[in-house]
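In this document, chain identifiers A, B, C and D correspond to the written order of the chains, with residue numbering beginning at 1 in each.
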Amino acid sequence: MRTAIRRAAWALNRLFPALLMLPALGAGAGAQSGPDLSAAMDDLVAANRILYRQGVVDGFGHISIRHPERKDRFLMSASLAPGRVAKADIMEFDLDGRPIDQRDRSIYSERFIHSEIYKARADVNAVLHSHSPTVIPFSVSQVPLRPILNSAGFLAPTVPVFEMRRVAGSGSLLVTDGMRGKALAETLADRPVALMRGHGNVVVGPTVQRVVARAIYTEVNARLLLQAITLGGPLIYIDAEEGKAGEGNRDRNEAGHATDRIWQLWVEEAMGTPETKR
Amino acid sequence: MRTAIRRAAWALNRLFPALLMLPALGAGAGAQSGPDLSAAMDDLVAANRILYRQGVVDGFGHISIRHPERKDRFLMSASLAPGRVAKADIMEFDLDGRPIDQRDRSIYSERFIHSEIYKARADVNAVLHSHSPTVIPFSVSQVPLRPILNSAGFLAPTVPVFEMRRVAGSGSLLVTDGMRGKALAETLADRPVALMRGHGNVVVGPTVQRVVARAIYTEVNARLLLQAITLGGPLIYIDAEEGKAGEGNRDRNEAGHATDRIWQLWVEEAMGTPETKR
Amino acid sequence: MRTAIRRAAWALNRLFPALLMLPALGAGAGAQSGPDLSAAMDDLVAANRILYRQGVVDGFGHISIRHPERKDRFLMSASLAPGRVAKADIMEFDLDGRPIDQRDRSIYSERFIHSEIYKARADVNAVLHSHSPTVIPFSVSQVPLRPILNSAGFLAPTVPVFEMRRVAGSGSLLVTDGMRGKALAETLADRPVALMRGHGNVVVGPTVQRVVARAIYTEVNARLLLQAITLGGPLIYIDAEEGKAGEGNRDRNEAGHATDRIWQLWVEEAMGTPETKR
Amino acid sequence: MRTAIRRAAWALNRLFPALLMLPALGAGAGAQSGPDLSAAMDDLVAANRILYRQGVVDGFGHISIRHPERKDRFLMSASLAPGRVAKADIMEFDLDGRPIDQRDRSIYSERFIHSEIYKARADVNAVLHSHSPTVIPFSVSQVPLRPILNSAGFLAPTVPVFEMRRVAGSGSLLVTDGMRGKALAETLADRPVALMRGHGNVVVGPTVQRVVARAIYTEVNARLLLQAITLGGPLIYIDAEEGKAGEGNRDRNEAGHATDRIWQLWVEEAMGTPETKR
């Protein structure tokens, strides 16, 4: 019974978040409005918390979504550790990385990662930059990050590595302007993931749920591949056909399957259910 | 005193779960009934939660038990992350993987792993499919997973690896029909564990408690073997006699010994005691 | 202020545990009595909980202390997972591993590890058998477990490995009788730690606090040595002089230093303070 | 709303800690006084708790700050596990490691690490000694600890290793007098980090926040470098220019950026917010 109530409340919360959460009265940026937007912001907050809880981000890293009503805008938190982000922290940016209504808020200096990818990739509705720990060793070595795990089949056939020295010489590794962001977007090309040498990765996708799942399984796959390489000898990688078949399952986006199943778990853990919150 | 009460309540709960838990009024599938069934379902729920807590499953993976009163049926959750499964989610399936009373519930697409193993193995009363992380590297390499730890002696002498490409070519790695499930059951043969290349494993046994313990120590042994291989040089494996002796101890199934001792701990941690639940 | 009260209560609890905990009225074995015994039993319960919390034991493993008033007896829990042991579970055994007052309680089948070591080692007042995970790889390889960490200097110069096959051929790895226990004690000789091939280790010492600390730092050192070996090339080990100097510091047993400092932390975490318990 | 209140309370606490915390009435050492001092002591307590929570210290290790009003004094806890340190435990020491007002308190025997570094390094306002686990393997091997991660760029170009045998022969590895402390300070020279063979490291910096962040990312970088070395082949390290650029960002010390962003997260987690504390 408790479980049934919990589930019902959870479902209600997912369908009508405005009923159970405080309306974002004047909380966000100027142009924000509507029920879709509010639900999208809830998902974005959940994504921030989930990525922290799952160890993909620590106090650094940022995730954004394209504005559900304006394709030339994106939504992202003010400059906070992802584990501390709340709905009132979500801000709106244009595709040059300019905040629409900054007020006194501090903003991420690497927001150009997001703006330039949204410009270059009409298929992309969510972008993550992280320091996902186990991708770092692959980013500094000549051993490519390749998928050995079905859940990470989207990494097939290869993952490119962005090298800042080729773009701007030895110096800051941060993507702090449009030129650097554009170069990163070019390295990413039409892929879901690119590594950034000595720094982390970017992960993109059609929805924020898919980006979160891709980021988590990229990290898991990196750990498992490192272990497989430690064992020694030839390895069998997920091949392009297998990768495509897995993505096909996830693209169908059925209730209770693939990303939907695990997203429900992650949200419950990172956000608490309405019951546990009270 | 608190501890004694806690233990007594726990024991009572184990003996008469119906007293302390809500009866599954109309909650499960049509043909379910009787006190054995209710206790079995409690164990199955606990198994789901334990496997999640111990890191054998994440949001994916599923565990089933053969119906205690009908050998041609098995019980398994609707399509949920194992860490979220409750008694009301348990459904009944026939040995072709058809739900007896599906209603509007989403079901696991890989249920054929379970149905085909129950068909092929009269000795098996519980089946797990997991993405147990550290078995993945062994599944994609040519280094066999062998036991070095007494608690994993059931892995002796060897663990087979299922390769979907041999069955159905390059494509989806999911076991989504009876043909694929049958091929997996054939690879498993009379063993307790088989790896699935790039995907995970299946673990089977005479009781759900044994399957949970086998799954956990398979993961532990994989981690330790990886470390031993890292050290380099020849290793001493648990041999067939040692494996048999260990299984003999566990088959005796004495109170306070072997699987019984650790199952009590796992249940307390994953489910809470009656005291902590209130 | 809260902290000061917490500390005072904690100290009080340490000095007069009988004031704050339920008296073990008829709870333990027949011959038990006196305030020293009660305090010793509290420490033994804490040791069980600490070892579980620190990952040295899982549901298996057992720790004992020599009876503070009778050198020919030792105290150990009935057959329970260490993380579930409470004061009422502590039983008394003679040096042949016979329970003094068993009643209906299940007892550890490997109690002969303890009885035979107490017989052979007058300097030893506490004995642990564990499946400490990272010692397993060393127990099955030809790479010796040696100290590289100051806190594990007691492992210098070498750690022996017990091989059951030499004693009883291939079969059960469990130390289930006096003959096997005696052989293990002979392998241990005058050392603080011996590994048991494919099984775990034994750790002994003058006090239960020292045994707990030795067990934890044996595990930590095993992890770090494995990493150092992974780096490659020659390593600098803690040498015999350094090991002796470290043990000298710990033998002085000063308040707020060495084992005392970390034991306070471990007890608070594993048992809760009186404040958090209420 | 809850979040906004929490943030406001948190900010208030940071600005006026004396309002929300118990005044340290006679709690600290004789010469202590003033609001700067009280805030500095709060930060020092937080640093102790954070380092424990992040796994840089276990029950051992100690962090100090230079007295904000007297450059010839430093502040450090009495001899306690860092995870248990509270404001009332903070003591004052002179630059020869003598406590100003010891009373009956036990003090760290390695306080000379701190006193000698403060003497030698006018730029340093905080000093940590830890047994940071993953630096140990590097301290005993010939493989240098070098940065591969942007957040650890301060380690470029190299990290020195202190060898006690060169100073005092084989024996205790503890820095228990001024001679040993001075030798360690000489090995450190003008660097932010030095390893101590078989023992741990020292980490220094201009503020306690920077020292905490440096200690945490030194540990993270050690883990990732170990993994990168496991992959094999040549690696790309953070070079001197990249290291300098990263430190330049951190030196700017802007609200919501670099160390400030992650320090807020760490404090919330280690100390609780005023809300969660009540």
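The working rule: contacts are C-beta pairs under 8 Å (C-beta built on N, C-alpha and C of every residue); 3 or more make two chains touch, one makes a residue touch a chain.
Nothing here was measured: the structure is a model prediction, and the numbers come from that model.
Peer 1: Looking at chain B with chain C, do both copies bring the same residues to the contact (over half shared) or different ones?
Peer 2: different
Peer 1: With chain centres defined as C-alpha means, what is the inter-centre distance between chain C and chain D in Å?
Peer 2: Here the centre of chain D sits 32 Å away from the centre of chain C.
Peer 1: Mind checking the centre-to-centre distance between chain A and chain C? Centres are C-alpha means, answer in whole Å.
Peer 2: 46
Peer 1: Mind pulling the residue numbers of chain D that touch at least two other chains?
Peer 2: 230
Peer 1: Building nodes from the protein chains and edges from chain pairs that touch, which of line, ring, star, complete or other describes the result?
Peer 2: Chain contacts: single closed ring, each chain with exactly two partners.
Peer 1: Show which residues of chain D lie in contact with chain A when the two form their complex.
Peer 2: Touch residues, chain D against chain A: 1, 3-4, 148-151, 220, 223-225, 227-228, 230-239, 241-242, 245-246, 248-249, 254-257, 261-262, 264-266, 268.
Peer 1: What part of chain B is in contact with chain A in the complex they form?
Peer 2: Listed in rising order, the residues are 22, 58-60, 78-81, 83-84, 86-88, 106, 109, 131, 133-134, 136-138, 140-143, 169-174, 197-199, 226, 229-230.
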